[in-house]
Amino acid sequence: MKRVLAPLAVLLVTSLSLMAQQKTVNIVTVNNPDMITLKKLASKFEADNPDIKLNWLVLEENIMRQRITTDVSTGGGQFDVIFIGLYEAPIFAKRGWLTEMANLPAEYDIEDVFKSLRDGLSYEGKLYALPFNGESSMLMYRKDLFEAKGLTVPEQATYADVKKWAEALNDKAKGVYGITLRGKPGWGENMAYVSTLVNTFGGTWFDMEWKATIDSPEWKSAITYYVDLMKAYGPPGATSNGFNENLTIFATGKAAMWIDATSGAGPLFDPKESQVSDKVAFANAPIEKTPNGSHWLWSWAFAIPKSSKAAEEAKKFALWATSKEYAKMVADETGWATVPPGTRKSLYENEEYLKAAPFAKVTLQAMQTADPTNPAIRPVPYTGVQFVGIPEFQSFGTVVGQNVAGALAGKMTVEQALKASQAAANKAVKQAGLQK
Amino acid sequence: MEETKLSKWLFGILAWLVAIIIFFPIFIMMITAFKNEREAQSLSLIFLPTLESFFEVFARSNYLKYVWNSMLASIGSTLLCFLLAIPAAYRMAFYPTKKTQSTLVWMLSTKMMPAVGVLIPIYILAQTFGVLDNIVGLIIIYALINLPIAVWMSYTYFCEIPGAILEAARIDGATIWGELWHVLRPMTVPGLASTALLLIILSWNEAFWSLNLTSVNAAPLPVFIASYSSPEGLFWAKLSAASFLAVAPIMVLGWMTQKQLVRGLTFGAVK
Amino acid sequence: MSTAPPPAATVPAAAEVEAKPSPVLALLQLPSVAVLFLWMIVPLAMTIYFSFVRKNLLNPELTGFAGLENYRFLWEDPAFWPAIVNSIILIAAVLIITVVLGTLFAVLFDRDFFGKNIATLLVIAPFFVMPTVSALIWKNMMMHPVYGLLAVVTTKLGLPAIDWFSTHPLLSIIIIVSWEWLPFAFLILFTSIKSLDQEQKEAAAVDGANPVQFFFYVTLSHLSRAIGVVVMIETIFLLSIFAEIYTTTSGGPGTATTNLAFLVYALGLQQFDAGIASAGGILAVVLANIVAFFMVRLMAKNLQTR
């Protein structure tokens, strides 16, 4: 017994002291494929940093957002690393809830990160979050179906083209729909796409006096286009189709076109997850009157709440996870096509990446031209391409989304939907004190 | 009522038909758990079963930790609930006052407040008392939200006890404790057991407070499930596998306690 | 808070034995009621307080007494009355479906047949599944008009697929919620039926009652207490149905599936406005009390003792 006691005691003391020195870093993230890979590879980080233990909480996007906001705004201190987007970052930074990402090491090469993302994640010139992935939106289509009908897609199509193609390719008998688009109500669901449609049709959410401009002719033509197109050439059940459902629809070969996030390209390309992996091609998101705001800009980024007790370690992790070295790690693990896209210029200069990911070129162009500070045909008081960067947007944006879905489902006319949305938006900004 | 053999047979078939129809969605979920993601997109019943999705689920999250937390929260809160509810129900059933009935109704009506309305005050309270992401906090919350049901159901079972029996025991000189332990307990255990099962199920599946008040340490199964329902990425097979794993413990519990459940929910004929 | 004349107290005979509650008893009851009271009062008080001030987590500058502003924001919202109507329709429909089907199935299963135990377990199974998962299964595997089971079946039969969530959104939610709660109603009614005396059955047979008459006069009255329990418990939960709506329709299209709980979420919680969310919570409690008032009236007879 004595023989065992001594080494046991040593072990105990060592592990206790190690635990005492070990800092836990609580991370909360969304569960898209990129994050799953990150979680897996994070064991390498822990191996390199034995004094840091990572704890993960993985949630669905909307729940995660709610959870994070509740905690950060009440100083709850539950999380050390949070995953936020272009929408929350400036809002949280303005409130002073985030620690600044300052004194970044030179090897990290912050200049390599796209300027649009850096600006979007800053407040008053200071950076508050490190982008993990970035996306815009684009047109994805079935090149085989297009070839069969002798149609070609130019690099930059218009919505008039889209309508023509949808008509030509719609084949209900074969179970193939001309086009599928988001319809599920939500400010980050259907309205993410619809906002870009409205932008390119020349509409805006508010004028410079913060008066809502939803009952404008531009909104009317955009929403009418959307509703008519989907009714004629879209799949049924559109109002419950979000990103996921449309990805399934396209991946199982049931749609000829899909306009949605550039991050949808990866799974579509993977023969393990898609039945059309060899038949899909990509082009810029279509435009109508103006290219401004025709494709969105979004990024998921790591930030550190001020209430965190492990800020140093959290920063270490955030830097590690968004570095060039991490991208190489992912490439080695699962191939270049699965590297988190849309954050660094260097990725798009990498030959291997361009070879493995044919959607890279379109993604790069989209990322570089999407400008949240200039999202519409005329100046507007807000930033954001597919959102209005004010806290109230989550609410009235969703109400507008519900109304648009109502029009799509035929439960109300486009005019009624616009009128109700106009009222909701005005009410919200008046309540917020933005509209005098 | 005489039944011909044929009609008996027909009714049996009808009952089975009902059972199958009701169970069908769960059946679909269960078989999807054994497919990989690509197969999961179609609804074919013919496929090569694989444990791939289960492995992925186990690799991605610490399933056992979630189960442990769920068990702690469900059983702990149910025990706490009974500790508080039984004395109150006892008092209300056997020594009712004018206020008893209105107290009961008031207890029920407070349960009708939607959780979304009180999230922020409760979150702030939990923060103040330092029980965020703490299994104790969850136990307390669950016990308190289920307390009205526990009180109400215990009260109903106690009311079933014919007063004469208790009276007889008292005349025989039994003390309060004796009364409770030797007379009351055997007659109400079945009913209380099924109430306990109901409370455990409700706590097990509770998906609002568990998501909002826990993060990494005290997270129970609903959080585990939430990590598989995502707006970005194909997930049907994994979600089915995860749901299967989340439902299985409680289904097993339900199966094992079937007899008690059936006996316990009997109303009126405590013979 | 109770607004109803209390139904006749179910007072067992023990009360006639004039046993004054001993101090031990009073002590026993005290913690429970005291804790319950505290639990109800503290969050309730905080909620009432928040409902009268401006408190937005994302906009900490907005402070001050708001008077009835938060309430007005809610009830002047065009979605408010539809939300109340939807809440009531949802509750009523689910109650009717679960109680009627629950009773019928309970009668059906009250006989011996092959594999009865397994069949019973199958019927009870839906109650064990998490509401979010149920909603996802129904939304994507059953009701989806492109790749859902129901669509596959109907198209094979040559009929067009029904777009459940677009054309019949509230009905779809009702179906999902009824499916979740039917097992509960079934279980309670089923076990209640088991206690129906063999003697009563024989007596009725002697009296020459046919099955239908037996059902209506004997079975139903025996079940009335159990039905009362089912109705009370289901109502509590149905008033705050949230997860199913959130997962499937997000309250739409338009406001077709917005109930009061979802409205509170959409207008209050989603923009982290504790003031509006609290006002919504209070309004829900008011609605709950009104519903309880009518419910208790209806059930008064059933809650009476034998």
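All chains are identified by letter, namely A, B and C, in their written order; residue positions are counted from 1 within each chain.
In this text, contacts are C-beta pairs under 8 Å (C-beta built on N, C-alpha and C of every residue); 3 or more make two chains touch, one makes a residue touch a chain.
Keep in mind that what you see is a predicted model, and the values were worked out from it rather than measured.
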Of all chains present, which has the mean Cα position farthest from that of chain C?
A
Consider the two chain pairs B-C and A-B; indicate the one with the greater count of contacting C-beta pairs.
B-C
Centroid of chain A to centroid of chain B, CA atoms only: how many Å?
37
CA centroids of chain B and chain C: separation to the nearest Å works out as 15
Where chain A touches two or more other chains at once, the residues are 66, 70, 74, 189, 248, 252
Could you tell me which residues belong to chain C and also touch two or more other chains?
57, 140, 147, 269, 272
Spell out, as numbers or ranges, the residues of chain B touching 2 or more other chains.
41-42, 119-120, 124, 226, 229
So in the complex, the part of chain A that touches chain C is made up of which residues?
66, 69-70, 73-74, 91, 95, 184-186, 189, 235-240, 245, 248-249, 252, 254, 391-395, 398-399, 401-403, 405-406, 408-412, 417, 420, 423, 427-428, 431-433
Listed in rising order, the residues of chain A that touch chain B in the complex are 26, 28, 30-33, 36, 39-40, 55-63, 66-67, 70, 74-76, 78-79, 189, 242-244, 247-248, 251-252, 261, 263, 267, 272-275
Contact residues on chain B for chain A in the complex?
36-38, 41-42, 59-61, 119-120, 123-124, 127, 132-133, 211-212, 215-217, 219, 223, 226-235
Quick one: in the complex, what on chain B touches chain C?
1, 8, 11-12, 14-16, 18-20, 22-23, 25-26, 28-29, 32, 41-43, 84-88, 90-96, 100-103, 105-122, 124-125, 144, 147-149, 151-153, 156, 159, 161-164, 166-167, 170, 176, 201, 205, 207-208, 221-222, 225-226, 229, 236, 239, 243, 246-247, 250-251, 254-255, 258, 261-269
In the complex, chain C residues that touch chain B:
1-2, 4, 6-7, 9-17, 19, 21-22, 24-26, 28-29, 31-33, 35-36, 39-40, 42-44, 46-47, 50, 55, 57, 105, 108-109, 111, 113-134, 136-138, 140-142, 147-149, 152, 179, 182-183, 187-188, 190-192, 194-195, 197, 201, 205, 211, 214, 222, 225-226, 229, 232-233, 235-236, 239-240, 242-243, 247, 260-261, 264-265, 268-269, 272, 274, 277-278, 280-282, 284-285, 288-289, 291-292, 296, 305-306
